[in-house]
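Pasting a structure below so you can have a look.
Think of it as A, B, C, D and E in the order they're written, each chain with its own count starting at 1.
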Amino acid sequence: MKNIDSLLYFTPEILLVIFAVAVILLDLVVKNRESSAVAHLSLVGCICTFAAVLFIHFSFGDEGPISLFLGMIRLDTFSSFFKILLLLATAATILFSLRSEELDARLKGEYYALLLAITLGMFLMASSTNLLMIFISLETVSLTSYILAGFLTHSPRSSEAAFKYITYGAVASGTMLFGLSFLFGMTGTGDLAQIAGRLTELLAAGDIAPLAVLIAITFVLAGVGYKIASVPFHMWSPDVYEGAPIPITAFLSVASKSAGFALFIRFFYTGFGSTGLMESVNWPLMLAIVSALTMTVGNLAALPQQNVKRLLAYSSIAHGGYLLMGGVLLTSEGIGAILFYLVVYLFMNLGAFYVVVLVANEVGSEMIDGYRGLASHAPLVAGAMMIFLFSLTGIPPFAGFFGKWILFTAVLEQGYYWLALVGLLNSVVSLYYYARIVKAMFFEEAGEETDSVSFSTGTFALLSVFVIPTIFIGFLNIFYTFSNISVSVMPMQ
Amino acid sequence: MTLQHYLVISAILFTLGIFAVLTRRNAISILMGIELILNSCNLNFAAFSRFMTPSEDISGQIIAIFGIVLAAAEAAVFLAIILAIYREFGSIRPDEVDTLKG
Amino acid sequence: MDFTLTNFIFYGFALMTVGSALLVVTVRNIVHAAFSLMVTLFGVAGLYVFLQADFLAATQVIVYVGGILVLILFGVMMTSGRLEMRIHIERGQLLLGGVVALALLTLLLTVIANTPAWKNLTDDGTELPPTTEKIGELILNGPFLLPFEVVSVLLLVALIGAALISRKEVRD
Amino acid sequence: MLLSLMIFIPLLGMVAVLLLPRESEELVKRVTLLFTLIPLALAVYLFISYDRSTAGTQYVTNVPWIDAFNIQYHVGIDGLSVTLLLLTALLGPICVIASWRNIEKGIKAYMALFLLLETGMLGFFAALDLFLFYVFFELTLLPMYFLIGVWGGPRREYAAIKFFLYTLFGSVLMLVAMIAVYLNSNIVNGVAEGARTFDIPTLITLAATQGHALANSDFQVWVFVGFFIGFAVKVPIFPFHTWLPDAHVEAPTAISVILAGILLKMGTYGLVRINMAMFPQGLDHFTDGIGFWGNSLALLGFINIVYGSFCALAQTDFKKLVAYSSIGHMGFVILGLAARNDSGITGAILQMFNHGVISAMLFLLVGVLYDRAHHREINGFGGLGTRMPIYTGITTLAFMASLGLPGLSGFVGEALSLLGAYERFKFLTILSTIGIVVGAAYFLWTLQRVFLGTLNPKYEALPEINGREILTLVPLGILTIVLGVWPNFAIDMFRESVTNLIDVLNAI
Amino acid sequence: MVVPLISIILLCPLAAFAIFGLLGLANRRFPRQDYLSTAAMLIALACSFLLLREVVPSPEAHTVDWLSLGGVTFSMGFYLDSVTVIMLIVVTLVSSLVHIFSMGYMHGDPRYPRFFAYLSLFSFSMLFLVVSDNLLGIYIGWELVGLCSYLLIGFWFEKDSAANACKKAFLTTRVGDVGMFIGMMMLFKQFKTLSLYGDGIFTRITNPEYFTADATGIVWLSIAGVLIFCGAIGKSAQMPLHTWLPDAMEGPTPVSALIHAATMVAAGVYLTARMFPILTETSSLVIAYVGGITALVAATIAIVRFDIKRVLAYSTISQLGYMMLAIGAGSYVAGLFHLTTHAFFKALLFLGSGSVIHAFHAMHAHAHDDEHDHEHADSEEHILGSEIPPDQDMRNMGGLRHKMPITFVTMLIATLSISGVPFIFSGFWSKDAILGGVLGRAMEWNSAHHYILFGMALCAAGITAFYMFRLIFMTFFGEPRNQEMHDMAHESPKSMTVPLLILAFLSLPVVNILWFNEAYVKPPPQPHLHAPQHAYIAPDGNTGGKGYAVSLFGVSEAVAAEEEGGHSTDGTHADDGHHGHGPAHTIAMVLSIIVAGLGIFLSWLFYHRRTLSAESVATTCRPLYNLFWHKYYFDEFYDGVLVTLTVWKARLFAQFDGSVVDGIVNGVGFVTRDLLAAFTGAFDNRVVDGIVNRVAQVTWAVGGRIRRIQTGAIQTYLFVVLAGIVLLILIFRAL
């Protein structure tokens, strides 16, 4: 579709930009530093965008995938799915940030603008179909993430996080760009679908060595893998998660990872999804190994952690590993499982981070010891945290179980028994460290006499926004349907 | 001047960039390494654009231009962060910025 | 291969690029490294010219040499005292990094040498009209409009971010 | 509908309890009691009205739940489940009464969790959809974890996490097996036909259909193993048993009762319902009496019996002794199931029920003593028989029932299991009878050390068991005697189901 | 009428117990539990007599389905033949008398009502055992009497010795019971039923559909028979499981009389007799030898006891051995006959000794301290807790015949009876029947085994006469050894003496009527008893046809017919109760009178005339004396070896459980927890190996040494990334 015609379908992204600018402008106007006007404006921005996404989805979703801006991005249910997911994460992050006491009140304008900008980048990640667009959207997200991670003034940890993040990210994206250049060089085009066709032809004709494709894929994997924090591209994430402001950590662990998966799925399934290619380069097996390593490393490393944020960072690595399992299957069930799991993961992980924010505010500690006796002075918060953690472990009846279940069903269906077994044993291991937090909250007494902490109604309302889906998503048909429909646009062999 | 010439040059640049990133214990040197890597990518794009696509198709060149722009943006942020690090840690040696670990 | 002037100049640029890049990663003085980088960037710009990418070459010189390199030099000045101009290296790290880099290089060279599609593609030397106009056309009215717009957002973000992060100390 | 009502009334009770103010402890207890009595009444009604003459499931509710995977909310009862449902529903109020006084903190949370636990257990025994079955199976984990971890003894944290990890380990293997069954549920002669299903009755039929993927014997063996490990942890079967002594010792009385009375039965129930009925060829591989694998299940039963008994003999902690005795007694269940004939399976099922009743009594009794003396060291008592005659009497009854004294329920199950097992595994069965002697030994020795001999002067003022405690014990005691005297009372319920099961087993 | 009557017999005592139990829950008591229990027993007694008329020649079992499975049904039911009725009468009679006796004996005990409740429960269980028509029912009753025995031995559980004794009794008998249970399992597997009558085991044993009497079949049946007999070994205190019975004397004396003399211990004999049809030659021989050895060994031990009750206990063991011997030797009727007579005179002896003890009872507390300080300070009696209570020590007695005339006379009658003094005492007839039966079998089969057995029995008979008169002489004759206690002694109240008198009457050959009626008691056929070859030849000279090679069904029929024919012609079986028939009986009678006379005479010399000194004999035959004194070291053996072994094994298991299994699990947990260290060193293959091989320690050691990978230095991370890329490419290039 032509550029001008595309604009209508591009409304959500445009809205995001408009609101990002508006936030900055509003920040200039509002003098009261304690005012949360900018946050609310950005929330409004999210809501408007949300409405726009839904509107566009329901107005044009039936027409099937639409290619926009002369093939740069694609509008389909898959991207709509991720846009909704990302907006939820962004909105949640904005709400967290409102309550977080870490952030410098004077920098709110920039902060929220950046959040909206990063959301824009993620939108594009989820819908790009062109190498250049992919790289630019990836860079937009990365660059903004670096800034957000280093956002805390006078926090060496935050600066260190930003430094490591950008170093790591720059090398990874540089490597990816090199891989992209090879892809471009082999096929002479930047369009993913054409790349797939050309690569298959060239491989069949013997015009290119499989090694070239392998190198290209591996280099691309470096860029994508770094976004979804899969082994061996994961090492930035514990440090960055620990150093970054909690809301940003939450955001990175959910949104950034989701966007990474969107990109990963689209790239690999559209670009490398042909049978001929996979005969030369068995990337699903590579991903399977990476996936097994990722969850194992994530879970084992999480065991001895004392810092809850860091623990959740490793846990999020491990979840990346679980999700990746769905990606190696080349089936719509696998992708559907990823999408469903991402929805579940969004709620439970954000919920857990929200509790971390609350506890950090009240107790001033991110350490597990800070959670001791939480159940006695803040039972509801502790209960919610318990639900999130057990959902992350995958214990029924929480949504996490259903997510894992669908994933493992998909994996087993393709006969990856070893992978499923590794994954399941990993989830047993993971119970141990999640339960350590639960244990601290419920089984141990607070060190000194702590007064009962009373949280505002808003806090509980927000908490319940995460708790209720974490309990009920698995029981409802609609989510399965939604994630399955969203997959249908992906080319499957 | 075949395509392979350019590719070899670019591969060398890339490898040198990697080498710099891995071995130079100075944040700015790492940035230089990254610039080398990005340059090699851009060179690749330009070369492929010349050799692998019809001569009127210059999309490879344009990608390279975007690459340069992105490199600039990245460098700006990187340097800002290096300055922040320098303030907080009094050093830009990456091995001394290691409070987060384990 | 005939040693025409063009070829000679090409090899000159190639040597300049690679050689100075080698210096960038080996010299122990950070300012020297920065200047070596400048040479490399010029070298690449020269190669762009050989590839008939005039606008790209110009951009390379302007943005890289005029922008990024200056930034880097500022960075050097702001972070390194006179004594800290030396770049620390460690032998073990050097070795490991060297191994990895060499391995990568070997892999890349193998691929470059063994990919039939890339073999024997000699530059026919056809002169292309200046690309500037075409680029402008493609960016403003072609497929690259969206990337262009997004990059502008990206630059804005980088601007804000860089300012934000480097501004920190002013605040106390 | 009635069945679903029974399952979810405790859940409703949980909500009700959570809504009550924290201060009104008495009210909380009463409400909880009410919400456990209703399922009991319903269970009794089901028990009475259950049609004993057929093997089919009754009181079936079957509504679609998650269409995407053809998961249904399918519950129903057959003879086996109705028996265990009755046991569960009976232990519910008993445990509430037993917790009346000795839960000191957080009674509200305790009762809420307890009610949640009850829903999980009831649902588990009624579920006829494999997925639902699994969800209920796991649903019991969480409340149990907290009940042990928060209200337990000094090493409660360790015990709780150990319990949790062990069970989770088992259940993930079960999950793999379950998914494998689901995925193969529509494959006939290598071709996929129709929709996949989790429906247990359907799966059982399919697994007996010639040419169906589920009827492949290699497949059955592997899936059998997966499910088996899941259930074995719960039973617990050596070497997956080490969570049990810790969990029992640390758990509060009522929770030990539930653990021993119901949770252990979930394992064996699963073995019957899934492993045996669905994978007869898998079962055959492990119980055909040929070679090592053919004897392996019986061997595990034997090890459980002897190992559990000897471990119990060496204990000096009253509760740990009872815990190990449970391991021994569950061995008889395994042995009986491995026999897979009339007497073996009936014996095993009876033993499940009886052990539920008897071990519940034993743990309640230990609790009574612990509440008074605040320790459980067997050697620290002595001569309590003079001071607490009624308590001694009931304990003797429970011990005798547990050690398999004829006339009391423990005997029937044990004897039938052994009789059945002997037909298939002579040598192992004979060796297993060691357990009978050792069982008598540790109980009598305990009886002697605690109740006989001269009264320990420390306990001269120990109060006799009180009315509330007697109230918890009497129904169980009556059941013990009734089932010992008239086992047909229970067997009538599941005779047809067992016959049906044996037909399935013989059909291969 | 059979079923209602039996039901009444069973329900009466059960109700008496149930009332106690239910009220006990509410911490109440029925005001006169003793009357209640006694009345229940008396009703049962009356009903038992009524049942005498109901016996028919070939009775049927009255059954109900007790446990019906899909394919198998276990029924419970009554089987009433002459033996059952006689046992019913014996049990109810002795039980009633003991009830009455206890009203006097136990008077004033703090747990007086409970005692009667237990007695009722016991009576119920015993009666249930007796009337059961199937092995399962017998086993149920069997275990229940064991429980009652446990409860009653431990009735005075404050005494550690009593507490020990009851546990020992239960456990020891349980060992035998397990054997019996295994036997039951074997039978069940073969015959698919545990019923004995009707279409039960005894019918199916000749049905080739279920059982083939070839060589393996016979071996199998022998094993099964011996295993069932194991139950009897335990319960009837046969060697080697007899040690619990002497200890069981810690219970109140009426209990000893009822349970450990007359009824429960005799249940083993009853069981063996019931299983008569399945006994083969081998199993019969085993039974006979166990019985014979027990009879002899227990008798020798009894010689050196001083505790009046223990003498009687060993005597009981010995007499039970006799009965076993009889059944093993095929003298079915003689064995049961002796069971009956023994029940009465042994109950009498116990009750009499109880009367004596009761006489000393008042002294109990008084004399106790003295006892410890002076007489037995370093006595060997301390061994194994068999310290003699002063009121049971015969060395404290003497000359009581004047103080307690009724007790004396009745006990004397019983002693004469047990010693086999001819003709006017029942014991003579029954013992003689046994001796005659054994000798008869020996002569008939020309079997060396049975001659040896006969020799044992004869010796035991002589020794029995000796130690029983030793008891009488030491207790009732001579001068009072402990004057203080003697002064206090008194004749017992009516409630105690009346039962003594009744039992004394019953020790006269009145019961013989029942057993001499050939039509009334008939031994069941033993289809699989291998008789020696010549036995087959004897009647009709047919040699070949008896081989088992021919049609199996036909043969078993033939053998059965042969057996039945044998009984009626040579008289060894059916006639053994009838005195005076055949040469075997004449010889046996003469010999038995001689040995009995010899025994009494020696006893008189030792303990009354004191021309011979027991002490000097003891000194000269020190080793033998020690052997007897230490009861052949059985207790030492058990304590030293078995118990230690068991406890040790249990400890081992527990330790194994605590350290190894748990250790592995914890180790795995530990390893997983610290696998961080391991995967940091993932490049080091040794770590991986270490995990697999030497799980925990290596992880620790290596974990400490290897640098952690998440060092915090960004260049390490980058190295991992790039090395990872290179590795991935290399690996997949190779693939």
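Please note the rule applied: a contact is a pair of C-beta atoms (placed from the backbone, for glycine too) under 8 Å apart; a residue touches a chain by one contact, two chains touch by 3 or more.
This one's a predicted model, so the numbers in the text were calculated from it and none came from an experiment.
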Q: Name, by label, each chain that touches both members of the pair chain C and chain D.
A: A, E
(Q) Going by the touch criterion stated earlier, list every chain that contacts chain A and also contacts chain E. (A) B, C, D
Q) Measuring centre to centre, with centres taken as mean CA positions, what chain is farthest from chain C? A) E
Q) Using CA atom means as chain centres, which chain is nearest the centre of all the protein shown? A) D
**Q.** Pair joined by more contacting C-beta pairs (A-C or A-D)
**A.** A-C
Q: Look at all chain centres (mean of CA atoms) and spot the one farthest from the centre of chain A.
A: E
Q) If you average the CA atoms of chain D and of chain E, how far apart do the two points sit, in angstrom? A) 36
Q.
Centroid of chain A to centroid of chain B, CA atoms only: how many Å?
A. 26
Q: Quick one: report the Å distance separating chain B from chain E, using the average Cα coordinate of each chain.
A: 95
**Q.** Rounded Å distance, chain B centre to chain C centre (Cα mean)
**A.** 6
(Q) For chain B, give me the residues that contact two or more of the other chains. (A) 7, 14, 17-18, 21-23, 25, 27, 31, 47, 52, 59, 62, 66, 70, 73-74, 77, 81-82, 84, 87, 94-95, 97-102
Q: Check each residue of chain D and list the ones that touch at least two other chains.
A: 165
Q: Note the residues in chain C that touch 2 or more other chains, in rising order.
A: 93, 96-97, 100, 104, 107-108, 117-118, 143-144, 147, 151, 154, 157-158, 161-162, 164-165, 168
Q: Check the chains against each other and report every pair that touches.
A: A-B, A-C, A-D, A-E, B-C, B-E, C-E, D-E
Q. Where on chain D is chain E touching in the complex?
A. 165-166, 238-239, 241-242, 245, 307, 310-315, 341-343, 346, 383, 385-386, 389-390, 393-394, 396, 400, 405-407, 411-412, 415-416, 418-419, 422-423, 429-430, 433-434, 436-438, 440-441, 444-445, 447-448, 451-455, 464, 470, 474, 486-488, 491, 495-496, 498-499, 502
Q.
Under the definition above, what is the set of chain A residues touching chain B in their complex?
A. 131-132, 135-136, 139, 143, 146-147, 150, 154, 156-157, 159-164, 166-167, 170-171, 174-175, 177-178, 180-182, 184-186, 188-190, 238-239, 242-243, 304-305, 310
Q.
Help me check something: in the complex, which residues belonging to chain B touch chain A?
A. 7, 14, 17-18, 21, 27, 30-31, 34, 37-38, 40-41, 44-45, 47-48, 52-53, 57, 59-60, 62-63, 66-67, 70, 73-74, 77-78, 81-82, 84-85, 87-89, 94, 97-102
Q) How about chain A: which of its residues touch chain C in the complex? A) 3, 6, 17, 24, 68-73, 104, 106-107, 110, 113-114, 117, 120-121, 124, 130, 132-133, 136-137, 139-140, 143-144, 146-147, 150-151, 153-154, 159, 162, 182, 185-186, 202, 206-209, 211-212, 215
(Q) Show me the residue ranges of chain E that touch chain A in the complex, using the header's touch definition. (A) 669, 672-676, 678-679, 709-710, 712, 714, 716-718, 720-725, 728-729, 732-733, 735
